[in-house]
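What follows is a set of notes on a single structure, which appears directly below.
Note that the chains are named A, B and C in the order they appear, and that numbering of residues resets to 1 at the start of each chain.
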Amino acid sequence: METVATTAELQAMLEMATTINMEVFYWWCTGLMVIIHAGFLAYEMGASRLKNALASGVKNILAFAFIVPTFFFFGWWIYLAMYQGFTPDFEAAAAGAPWALNMGPNLTDNASGIFWGAFVLFAATTASIFSGAVIERIRMSAFIILAILLGSVVWILGAAWGWHPTGWLTTDLGFHDFGAAGCVHMVAGFFALGVIINLGPRIGRFDESGKPVSIEGHSMPMTVIGLMMIIVGFFGFLGGCIIYSGTAQWTTIFGTPATLSSISFNTLMAFSGGIIGAYIMTRQPFWMMSGALAGIFSAAPGLDLYYPPLAFLMGIIGGLIVPLADKFITKVFKLDDAVGAFAVHGVGGLIGIIGAGIFLAGYPNVEDYPPISFMGQLLSGLVMAALGFIPGYVVSLVMAKFGVLRVPPKAEIAGLDLVEVPLTAYPESVPAASTQPEKPATV
Amino acid sequence: METVATTAELQAMLEMATTINMEVFYWWCTGLMVIIHAGFLAYEMGASRLKNALASGVKNILAFAFIVPTFFFFGWWIYLAMYQGFTPDFEAAAAGAPWALNMGPNLTDNASGIFWGAFVLFAATTASIFSGAVIERIRMSAFIILAILLGSVVWILGAAWGWHPTGWLTTDLGFHDFGAAGCVHMVAGFFALGVIINLGPRIGRFDESGKPVSIEGHSMPMTVIGLMMIIVGFFGFLGGCIIYSGTAQWTTIFGTPATLSSISFNTLMAFSGGIIGAYIMTRQPFWMMSGALAGIFSAAPGLDLYYPPLAFLMGIIGGLIVPLADKFITKVFKLDDAVGAFAVHGVGGLIGIIGAGIFLAGYPNVEDYPPISFMGQLLSGLVMAALGFIPGYVVSLVMAKFGVLRVPPKAEIAGLDLVEVPLTAYPESVPAASTQPEKPATV
Amino acid sequence: METVATTAELQAMLEMATTINMEVFYWWCTGLMVIIHAGFLAYEMGASRLKNALASGVKNILAFAFIVPTFFFFGWWIYLAMYQGFTPDFEAAAAGAPWALNMGPNLTDNASGIFWGAFVLFAATTASIFSGAVIERIRMSAFIILAILLGSVVWILGAAWGWHPTGWLTTDLGFHDFGAAGCVHMVAGFFALGVIINLGPRIGRFDESGKPVSIEGHSMPMTVIGLMMIIVGFFGFLGGCIIYSGTAQWTTIFGTPATLSSISFNTLMAFSGGIIGAYIMTRQPFWMMSGALAGIFSAAPGLDLYYPPLAFLMGIIGGLIVPLADKFITKVFKLDDAVGAFAVHGVGGLIGIIGAGIFLAGYPNVEDYPPISFMGQLLSGLVMAALGFIPGYVVSLVMAKFGVLRVPPKAEIAGLDLVEVPLTAYPESVPAASTQPEKPATV
């Protein structure tokens, strides 16, 4: 140490150190969230039949690739502009216009690219959630358009409304959602629901009497390992949900105080509860690991505030309900959600948001915003459900009407790897001749 | 920068910054340790035969899920209370009681949940270590009870004794074990040894004359990739072994000074030595990657102090001995440790602890605690071995007597995926008809 | 907070905090780069045929294991010594001699081991890049020697020249290469090119008329997941390319200012561009994920400076060109690069270096070093190409002359797993009898 610095110099050094460490924190959040995508890739390829494995992978990779630039060109702007509802705040959003000085290397702005990076990984996650539901029969072009719509428009509008310091759901309804159960999970899950209604089930998913016929993916181990990798990545995701202040206590994105320590407690407890709940209900590893995710989502809005055994309980509830919800939409509505994305993310997220309304009601907010309340959470949850469902349903309906949503039955039966990729997943392995009855689509 | 802060304000800001960055450090340790579990999942499913792959995965996932809440309810308390041996220090442990204000969101405690999170991942690691040894024949209920016993009681008692600032092994014997070779690896390895004695070998593991018959897992690539993922996770694990002081030099958990820089040198050198040692001995990738782990454990107690070529040498020694140790218990004692968990973790950890006694003898301790010594390390190693072995042996013996330890031979022959899960790992692939001779168990 | 510290004490505390956080940053870089190796393991085993899968894995693991100690004993010294060309600076390199006090635990040096750790992972990455090109026919001993040559001598000489604060390419030519596209990617790619010329194609890779016959790896999903894991690891790699100053702005390794924020923007944009470019060209996932890598390399030299849409464009260009480059060397030169390593890393890196010459020309340098220029980048790129190519070509030529480079045709046809490992990758699966025509090598 050379000459002694003045307090002013020390303060400047400390503030720069804090800026640097903030960048580092979100950089690792971003890097770890890429593991979510390695996980989704394994999960969705494993959940596809041999003939479709690579095509599912291609879609998953392309969704990520298209969301990044579109989120650069307009997604980030939407977040900064639309927090009041549908009226953009052009002034606030100026820094997010693709030509703004903040949207590129800028030695006076160590923040924009780092936050954008974390957000774009959230965006890509919504697309990957949706992606699993529609495998094995959606058309590539339709998928990409829907993925961009979800990842660079719809969810980020939800984030502007309900996952933003001054989003209207928070300022008007006291909405509290630490871990983005609403804008990420519910929006993506309900968007997927809207699409699969118009997309229709895979050929053979229901027999002539309408009874569901199970279609198993070709590699359950690959799927389960992929799901555990998604859990790893959630440490990046949940890190990306807390605001690093550096020389002051952490806050949620809503400005309420929090600690990373509490997130550690509650994430692990909710994860465990989700596994145990799903194990009780199903005894099989696909739902156990899906339950692990659902457990986290079921506690996500209150990870900052729950007593850990309560997070555990919320996890169990999520793990118990989510497989039933999937069975319900399959049996009753004859919907084919290939990986249970609606149940895990849509229903899991809704449980989380309503649970926070029950267990955290009355918790105060910053400024003069209303405190957490059951009605505030319920209404906000409905807004998120509608925000996801409506665009997914409407746009896929139009696509279906024009016949551009789904591959032709012939291609579906032959397998998308042959038609779209074209490459064989395992050229040296012998597949079992015909594993599932292939019948004409009932849709 | 606005108005200049006073030195008191600056100091408060710096201390808060340090607290925040401490939380961040252990948060990433925890997140990276979840990769250990993704790795174990791949490793143990790959090491199982086709008929048992998913059942092995289910056990692995359930172990993690049950250890988290039990470690919340009593494991952490044991750590804080039992450092003197078997006499609890109720006062010191009050902060770890599940109803304590520290065991949940608390804006004045940014540490408890973060440390608890890292420790619970250590706990889950012990269960996953044990899990591999007993695959393909243990009963689910017995496994879960044993996993909780190991992960939320036994190892953490070992940690209180020998991986704690004032654990009696350190204060009385000068025990030094930077990387938890004792409480994590030896305890888990010897616990596994105790259980497999009573569990007995898989049907067909030894022929009628008692000669071992190799039972290969169904996917060696999956196993090897899983092992490399465990290595990745060890950067979280070893990060979790060093105390972040923020504005002062790092220390070990025993309070002796250290640098993360030295851990970087020695971890990589020991890892490499382990691979090379095991390659010389076996030329095959399963043992090479197991050797990589064993190499790290063989140097783990002295990662803070070794000259890197010595860590490399310790790694080679570990890599050479561990496959032999596994062969020895198989051939001589007719034990069936399905993945060599006892050899890799139990023997690897013991090499590490004794090695530190040889190469670090005389290194001073903090306070008036005795310095590192050969006898101190040897005795502490024996304590860890006994602490792992006895509960594993006794509880599994009782379970075996009551006939609740092992699945019936019929279920074992049919495969646990059919009996327990029930789901098929690869529904579209053709398995080779009968790959291993299935004979009645010799136990 | 107790008594108030003086400004001198505060400054010391802040400087120590900065040192600690610097260590933490590079520790995570190192840990995340280990994921690159888990990824390469999956990628290269998946890209091998069933009969060679484990042998490819063994080579990959051994390369890592041998590079660590050799990089300790002489690699790091080369980096510190050789920045002027071929004349070592013994004084500057003294701290990197294996007996130096800096090369081990040292409470006054928190930096050496951490930087060495990150660099050794870069070194191991070069070996893994090379490894993929030569699978399925190179002899183990030859491979290890070549891997050590590349990873602990050649690339690090390139780093001393062109990825060092005072490397001669920078001080004389103004060379700018933020993300090590030259010393890591080009050197490794051109080294691989030099070796495959002498190694010759796999038996059956070209038919009698010299027409290429595609040889598919046994598991495309494993390969694609592995590639996505490499992307994850690149967040560690690119983190390792930026200098943490703690209380002042980040710099590149050349001393020019930068932000991590800009790296976040541009890495994600280039990654996406690479996927889209390769998808347009090939529509298949192997090249899409290889294109993701190539996209990053194509923008790597300017990740600190590009406007993000330019990084996206560079990524697209890389993604478009790289598959063509691979086709070109296959068709025209009858070379067999099993995974396209030369195209992805060699050509991708060259695109990056020349692109920076086009788009960043005139950007000023530190000290009185020349600014970035097209000719400076072109000449430096040629130096990197030659530096990689010549040793790879010459040493493998000598090995080929002595008949120690390649396994005998009999062993190649039987499969290296049988000959070298010996273990079967999937003992319970039925392989398709003979998938590719096995004809005598044309070399």
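Definition applied: a residue touches a chain if its C-beta (ideal position, glycine included) is under 8 Å from a C-beta of that chain, and two chains touch if they have at least 3 such contacts.
Because the structure is predicted, anything quoted here is derived from the model rather than measured.
Overlaying the C-alpha trace of chain B on that of chain C calls for a turn of 120°, given as a multiple of 5. Of all residue numbers that take part in the contact between chain A and chain B, under half occur on both sides, making this a different-residue interface. Chain A and chain B have CA centres that are 32 Å apart. Of all residues in chain C, those touching 2 or more other chains are 7, 10, 14, 17, 21, 28, 32, 219, 429-430, listed in ascending order. Within the complex formed with chain C, the chain A residues making contact are 1, 4-7, 10, 13-14, 16-17, 20-21, 23-24, 26-28, 30-32, 34-35, 37-38, 41-42, 45-46, 53-54, 57-58, 61-62, 64-69, 72, 98, 103-107, 109-114, 116-117, 120, 219, 222, 226, 420-430. In the complex of the two chains, the chain A residues touching chain B come out as 7-8, 10-12, 14-15, 17-18, 21, 25, 28, 32, 49-50, 216-221, 224-225, 228-229, 231-232, 235-236, 239, 244-250, 257-266, 268-269, 271-273, 275-276, 279, 283-286, 288-289, 292, 304-309, 312, 429-432, 435.
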